[in-house]
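Note that the chains take the letters A, B, C, D and E in the order they are written out, and that residue 1 is the start of every chain.
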Amino acid sequence: MNQIAFLPIAAEILLLAGAVLILMAAVTLDLGRRAWAIIAGITLGLSFLAAWVQWWRLDDVGSQLHYVGDLGRTPMIVMDYFSVFAGGLVIAAGGIALLGGWRLVGSLEKRGAEYVALVLLAIAGLHIMVISANLIMMFIGLETASIALYVVAGFTREQPNSDEAAIKYFLLGSFASAVFLYGIALSYAATGSTSIYGPTGITAFFSNRIPEPGVLLLGIALMIVGLGFKVSAAPFHQWAPDVYQGAPGAAVPLMASGVKIAGFAALARVLTVGFESSIADWAQVIAALAALSVVVGTLFAIAQSDFKRMLAYSGVAHAGFMLTALVAGQDGVPGLWFYLGTYAFQLIGTFIIASIISGASGGASPLDSYRGLAKRSPVLAGALAVLMLAMGGIPLTAGFVGKVGVFAAAIDAGYLWLAIVGLVSAVAGLFFYLRLIVLAYFNDPDPALADEPITAPRSTRLALAVCVAFTFLFGVVPWPLLNLTGESLPLQGFGL
Amino acid sequence: MHSAFPVIALLVLLPTVGAVVVGLLPKSRRELMLPITTAISMLPLAVALYIMWEFSAADGAAFQFSESVAWYEPWGIGWNVGIDGISLLLIVLTAVLFPLSILASASITKDVKLFMVSMLLLETGLLGVFVALDLLLFFVFFEMTLVPMYLLIGIWGSGNRVYAAVKFFLYTAFGSALLLTGIIALAVLHGNEFGSLTFAFQDLLNLSISSNAQIWLFLGFGIAFAIKVPLFPFHTWLPDAHTEAPTAGSVILAGVLLKLGTYGLVRFNLTLFPEATVDFAPWLAGLAVVGIIYGAAVAIVQPDVKRLVAYSSVSHLGFIVLGTFALTSQGLQGGVIQMVNHGLTTGALFLLVGMIYERRHTRQISDYGGLAGVMPLFAGVFLFMAFASIGLPGLNGFIGEFKILLGSYLAFPVMAILAASGVVLAAIYLLWAYERMFTGPVTNAANAGLKDLNARELTILVPIALLVVLLGIYPKPALDRIEPAVENIIERIEEATGHESPEFGRIDDLPAATGENSP
Amino acid sequence: MDFLIFLIVALPLAGFLELLFFGKRIGEPGAGYVASATVGISFVLALIAGFDFLQGGEHGRTVELFAWIPSLGLNATFLWDPLSAMMTLVVTGVGALIHIYSIGYMHGDPGFGRFFTYMNLFITSMLLLVLGANFGILFVGWELVGLSSYLLISFWFEKPSAAAAGKKAFVVNRIGDFGFLIALMLIFNSFGSLDYGSVFEGAEATLTAGTATAIALLLLVGAAGKSAQLPLYVWLPDAMEGPTPVSALIHAATMVTAGVYMVARTGALFELSSVAGAVVTTVGALTAFYAATIAIGQRDIKRVLAYSTISQLGYMFMGVGALALVGGVFHLVTHAFFKALLFLGAGSVIHAMAGEQDMGKMGGLRKKVPVTFATMVIAWIAISGIPPFAGFWSKDEILASVFNRGGGYIVLWGVGIVTAGLTAFYMSRMMFLTFWGEPRWDDGVVPHESPRSMTVPLLALAGLSAVGGLINTPWRPALEHFLEPSFELVDQTHLPEAGVQVALAAVSIAAGVIGLFIAYRRYVRRATQLEEGGRWDTLLAGYHVDDLYGRTIVAPGKAAADVMAFTADAKLVDGAVNGTGWLVNWAGGILSKLQTGLVRSYGLGILGGVVGVLVWLLVAGGGF
Amino acid sequence: MIPLLAQASTDGLAVEPYWYMALAAVLFAIGAAGLLLRRNALVMFMSIELMLNAVNLTFVAVDSGLGSLEGQISVLFVMVVAAAEVTVGLAIIVAVFRKRATASVDELAGMRG
Amino acid sequence: MVEVVLFAIFALAALAGALVMVTARNPVHSAMGLLLSMFSMAVFYVMNGAHFVAAVQVLIYAGAVMTLFLFVIMLIGVDRAVDTDEQIPLQRPMVFLLGGGFVFLIFSAAWDAWITGRASGVCAVDCTGTIENISRELFGAWLLPFEATVLLLTIAAVGTVALAQFVIKPRLLESRGDEE
């Protein structure tokens, strides 16, 4: 038997350990929130470190497939720049999201420990998703994260809509998982393998045979649907607004950003590596979904009067933008990563603001509550403005660079129409991003609220600051991140 | 021609640094904001004047002071900047108008700091647009102007400001979307042809773009710029934005921001898509002529003086576009110089309207009357600027219009003749407005006690007036710098398309329209 | 010499600038002195500079000042040739006199300094107009005199009618300029230059008849605007809202003759198109007759003179149109003398009547303002075409030349003769109603003679009106010789033989005498008072042409603008923009109904997506 | 053996793996339909289980078609996942029921638009 | 041949069970329908040589999972017929249409070749689904996912606990007299 390489799965091990420790600390040792925070912080920090040190390792030894067992048939995980970047991003986003929503932990009292543990486990699941080299492994990661998040969505049952969010998320999520799984099964039928890499993997299967349509396309289609649900692409997006609105406010950033990151990582891995040879077929579907997502997301967002729901729909549109990058196949991956990497933090930042304004445990966040924000809290309004402009894709924010990358990829791949649809919708989308600025800057606050101070704990402010700084910094000086994402390509071919 | 010192970077970044400085000022020292910001905005002016001084007119076609720093190789994007004869004047115009319009913002009391910061950031954006030789960089600056202007209109505007601000933003952003698509497509074309993406303008000039692609790209760029210009029928954001914006906003909007559109057309559409340019020229010239007449006609009946001036911009910008798409050296030169002229005169008119608005808080023409007796100096300056705007020879407006008309007659005689009627209409709308506001007896008691221009206001207006006269009487220095750059563009079009720019002294069959005549 | 010519323009300009910035401080009467002095000195300088031409044969010179619009070959260049010299002399000479007159006339006006500022601006502009060596400078002057005219007409801007009149003048002039501009485009297109020299010399070789006609007619449009010819004359009567010296200087003696000057200057172009010449002559003749008929019915002394001016300008157009360039210019000069005199005299009368302009309230003023009366009589006879006063010579030269062209021109000659009779009639009517008969003054009006500063210019002009015609008599055509270098490119119409000339002269004298006699019988013998009602009202209102324009052009124009602004722009163009926004919003609202909140419909959406993706992928990938 | 049947057997009328796959497709569709037609959360959840079972059947059928074990292994993992899902899912349903006294998802439409 | 008959029988049983599950008004009947389907599946697994999987299917699914379902049905007291009238307009026809379409699409796409892959090669020993073979695979190549299920199970445990801890006091339950 050969050795298990522990470094690639160090993140999972650490996160699991952390989750268990926190539970023990809470239940057995009766330690308070501070202890959980320390454990969670260390766990996340270490797992982030563990994820990232591999970047330099990759520079030395190159991409690695990891097998267990002596036959080397079915690699379960793959360590390439793609995995490292995506994994690091998931952990970082999850960490920032947890930090920004720490206020919730306080309000949950004892159950806070469970919440933190679930969040850590969800992050681990997401991490599995992005590093997996096998579809079943990917499914397990996906389910791990999803199930954890179903629970998280229903965590604040004292809120009126939390349970509704949970059951909607759960039923639809399970449905989508089943579809995804069916896709795996059919692709297994088509290729004879559930592994992407390896001498008997999917890529190897295609390397000496032209892809046959039929079952193969069925499998691809169903997998696209399953992952499309996770990234909330239209028409599989309808859960998102309801869940974002009903779930605990502080937990939404993770649900929104983390799942998107992992979902896109999985989608990119499956499509641009596994089924790369069918790109001519699936790219069209992805393009159609992208266009639909962008348009539907934008139109629905315009009609919203609730900030979180608006963000959810805007998230649908953003999913469309990211799908746009994917039509270029592997060439679109850097653009996708840049977009995703920056958008994740924009999203976390905005949801943090929403949780500051409307409370950490969830519920409605009417747009009217942002009226005159600039007078009540100039800093918060400034942050909101930056984030809104970034989501709108205005230059000097990371959102702009992201859009350029995405559309450059699409145009390069010959999908000019998609770029035009996307960009024009982006303009329509500006309408609702600007509405926030209008409310915050051009209106006077409710007299009743004018003097009410807006407070947020230091953790929340820190997380928000990180998100805003990230957004602004990579808007002005995007080059380091561009270089990084430019390298974060998945391993092509079937490996060793 | 590389200058050792990155003077353009200095020019562009000075206002941003200034913005940071102003941003760090304590909020309580509100009274310091205006003088400090004005002083800061004098720095780019000094740099701009230095650039103008050092600029070699003989090499007006070349990009001077150019700087080139690669930023991200895979995309071929970098800090590529340079100044040629066309951008030179617009830079100086920008640098001149900013201190003046900041100085004219003494009546801003709400959130002064943010106002000043917005102004300075706006200046960076505008200066950046005129120096950028990298299309993505250009786009960044192009869009960067949106947000400060949006805030200027939305926060410090009047009445219907939110509507105007959002409309301004969305409308121009819509154009930007197409522009961005076009820019990326260009870079991709470069990638297809030469194997590497690039956004560098001078590299993109080497592309051989198919006629079909040129048409689409031209449209993408063209619509974006047409909205910015604004060319009829994309103009409706303009009256709203101009009218609701605070004085400084209107001045910059009319004076500089609209020029982004015409500048873009000249700089990019003409050079990058010569074939499409030749194909589209009659259409754009036609729209320009419609805009000239339509804008003027609509201006005549406006009850709101600021709206009137706004619509006059539609008309005047029509002239610029007409001159541009005449594709003759004269027309194009006229178009470029007219950009500056319009910036000065319309800017001044907005300043004047702002000054009277600060006194009376109304823009309705009917609320005024007989002001010439109450504030003769103001009336005099207003009339002076009105005549400059009408295109009175001896003042700046004439030079541009005359060149445009002569130049476009060569290419589109009928359109030039129709455009010339704009000259008549301009006299009607401005003089009628003047008549109603300034002459006759003082009918409204509120107007009786108005104070004439004070020293600060004179300080603002006198430099513009001097420039108006100077450019009217001795435009040669400016024209000398424009001409080589313009010739360069025309030559490029001729080489690329075989289109022959019409020459003077060649007799065509006369179009029927010239048969109009005798009483 | 060059510097001298430069100074001719620079002095009034300097005066203008000085008054512009320091006018208030200089105050009354200093401002008047400054202004008069600058113009006067200019006149003297012009005399000195023009002395050379008296020897004859001198072609003149161009004075290059600086490059203006180099790429158009347009430079700030002056042309000093006999024609411009003569025009300069008229402008500065008459200008100086009127300046002096104004010192008295404008006494006590709060805008005294401003008045002279504008007057000097006008002189400067007019000099630019006549001295320019290319169409560019001509156009600059052309527009600037329009500006000064605008400023001076609406000088008393508190009066709404004055302000409106100024605007009307400028706008109507602009309509003319529209034609002028197009002419310039055509010229530039054809010659690649706007220099007189290259244009006129190359005209014959370059221009086709069609182009020449087009250019000439378009120039005519410009000239008709400036010189108040049909149909663009409507601004001139209203321009009488300005102070009377302004009417005298600008709207009688100088500016309105710019059109004549321009046609004369561009004679080389008109020569190439017989059509254009005929049109110009016809326009001139019709205008002359038409305006004369209106003049008959006026009550306001200045409006009589205004229509008279229009009518006389018609004569000049007849002259230049028939290529009797010298005749046209000759009449321009003499008309400048006697019409300026008439206006100044009228001003003096108005001054005497404390601002009353209605002839119905005058009468019997002979004794009260003797100097004014005496000088005006001279002008009256001069304009009526009675030899040997100035008007006779010039008018007769025009008419004789027109007659000599033969053909249809003879009809126009006939019109001219009838107009001569009408002229004599309405002028006499004006004189009789003003100076003869019983006083009809308002209570409290005590007529008095004007001060010396006003009467001296009157006397000077009276002298010129009396003998000015002698500069170009059939037997001693000094002016013709003098101007010859300027017109050498043009094959001018010659006068008929002496016998014919005498006969024609006799006819026109007879017409004038008849007009005089009828007026005498009617207004002195029968002492008819100012007529009212019926056709007289039609005449008084100038055939209601203003109304007509108002109803056929201005009102529909404004209505169209209203439609464009408040229907087309606000509803259609902007409606499309806002409509797009609304549509998107509406679509969002409708669509959001799909988000029912029911988990099963979301699921249905997913299933629909599944099927949709399958169909798409299978169709695209050929899975079927 | 009945000759006819034997005949058929020798003619190769054997159960092919794709028969199972086809059946699984139908079962999957029925499961999906059940999810969408029933408003009782429990029955909906059962439908999901049916869908997972259909997938499992597919896996196993493909395995026997290919002569591989991957599918069977996968089925085991799916079962683990399904078990975890069931636990959590039922917990959620119970929680909802305890709060609202209903298991009908149609009554859970507080958020929409 | 026997196989064919068996297949036919259990296929019908599976379909019947599935249909019962979908159509039964009483959730308990639905659960029974599902149970029938699951048993049929187990038979199929055996027919395909997946003996271990078949065993697990019976134990875990038909046993544990379905028991849990029934338990919950009883717990929340929905063990009675419910109204199944459709309230969402168009839901039913759309479901039939899309469901039918789904099956049609799968059939028509896969008709030529349901399985186009090839065997992923050699199993550890051989490829019959015996416990031994499967455990070789499971603890060999598939060790990582096997370990990963730890996360899943932890979550299931923690999540259920978290959801079950009832801290609020909804009025409805008070009236029912339920214990907290």
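By definition in this document, a residue touches a chain if its C-beta (ideal position, glycine included) is under 8 Å from a C-beta of that chain, and two chains touch if they have at least 3 such contacts.
Note that the structure is predicted; figures quoted are calculated from it, not measured.
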For this session: Identify the chains adjacent to both chain A and chain B in the sense defined at the top.
Result: C
Problem set entry | Highest-count interface - the chain pair sharing the most C-beta contacts | D-E
Seminar exercise, completed: Per the C-alpha centroid definition, the whole-Å distance linking chain D and chain E comes out as 4
Exercise. How many angstrom between the C-alpha centroids of chain C and chain A?
Worked result: 78
Exercise. In whole angstrom, how far does the Cα centroid of chain B sit from the Cα centroid of chain E?
Worked result: 69
For this session: Calculate how many whole Å lie between the centre of chain A and the centre of chain E, each centre taken as the average of the chain's C-alpha atoms.
Result: 29
Seminar exercise, completed: Check: chain C positions touching at least 2 other chains come out as 581, 592, 595-601, 603-604, 607-608, 610, 614, 618, 623
Exercise. What residues in chain D touch two or more of the other chains?
Worked result: 21, 28, 31-32, 35-37, 39, 44-45, 62, 65-66, 68, 70, 73, 77, 81, 84, 88, 91-93, 95, 99-100, 105-106, 108-113
For this session: Quick one: which residues in chain A touch 2 or more of the other chains?
Result: 74, 136, 140, 143, 147, 150-151, 154, 157, 167-168, 171, 175, 179, 186, 188-189, 192-193, 213-214, 216-218, 241-242, 303-304, 428, 431
For this session: Give every touching pair of chains, nothing left out.
Result: A-B, A-C, A-D, A-E, B-C, C-D, C-E, D-E
Exercise. Within the complex, which stretch of chain C touches chain B?
Worked result: 66-72, 76, 136, 139-140, 142-144, 147, 150, 154, 157-160, 162-164, 166-167, 170-171, 174-175, 177-179, 181-182, 184-186, 188-193, 206-208, 210-211, 214, 217-218, 220-221, 224, 229-232, 279, 283, 558, 560-562, 564-566, 569, 573-574, 576-577, 581
Seminar exercise, completed: In their shared complex, chain C is touched by residues of chain A numbered 167-168, 171-172, 175-176, 179, 213-214, 216-218, 220-222, 224-225, 228-229, 234-236, 238-239, 241-242, 278, 280-282, 284-285, 288-289, 296, 299-304, 428, 431
Problem set entry | chain E contact footprint on chain D (complex, rising order) | 1, 5-6, 8-9, 13-15, 17-23, 25-34, 36-40, 42-43, 45-47, 49-50, 53, 56-57, 60-70, 72-73, 75-77, 79-84, 86-88, 90-95, 97-101, 103-104, 106
Problem set entry | chain E to chain A touching residues, read off their complex | 105-106, 109-122, 124, 140-145, 148-152, 154-156, 158-159, 161-163, 165-168
Exercise. Which chain C residues qualify as touching chain D in the complex?
Worked result: 592, 595-600, 603-604, 607
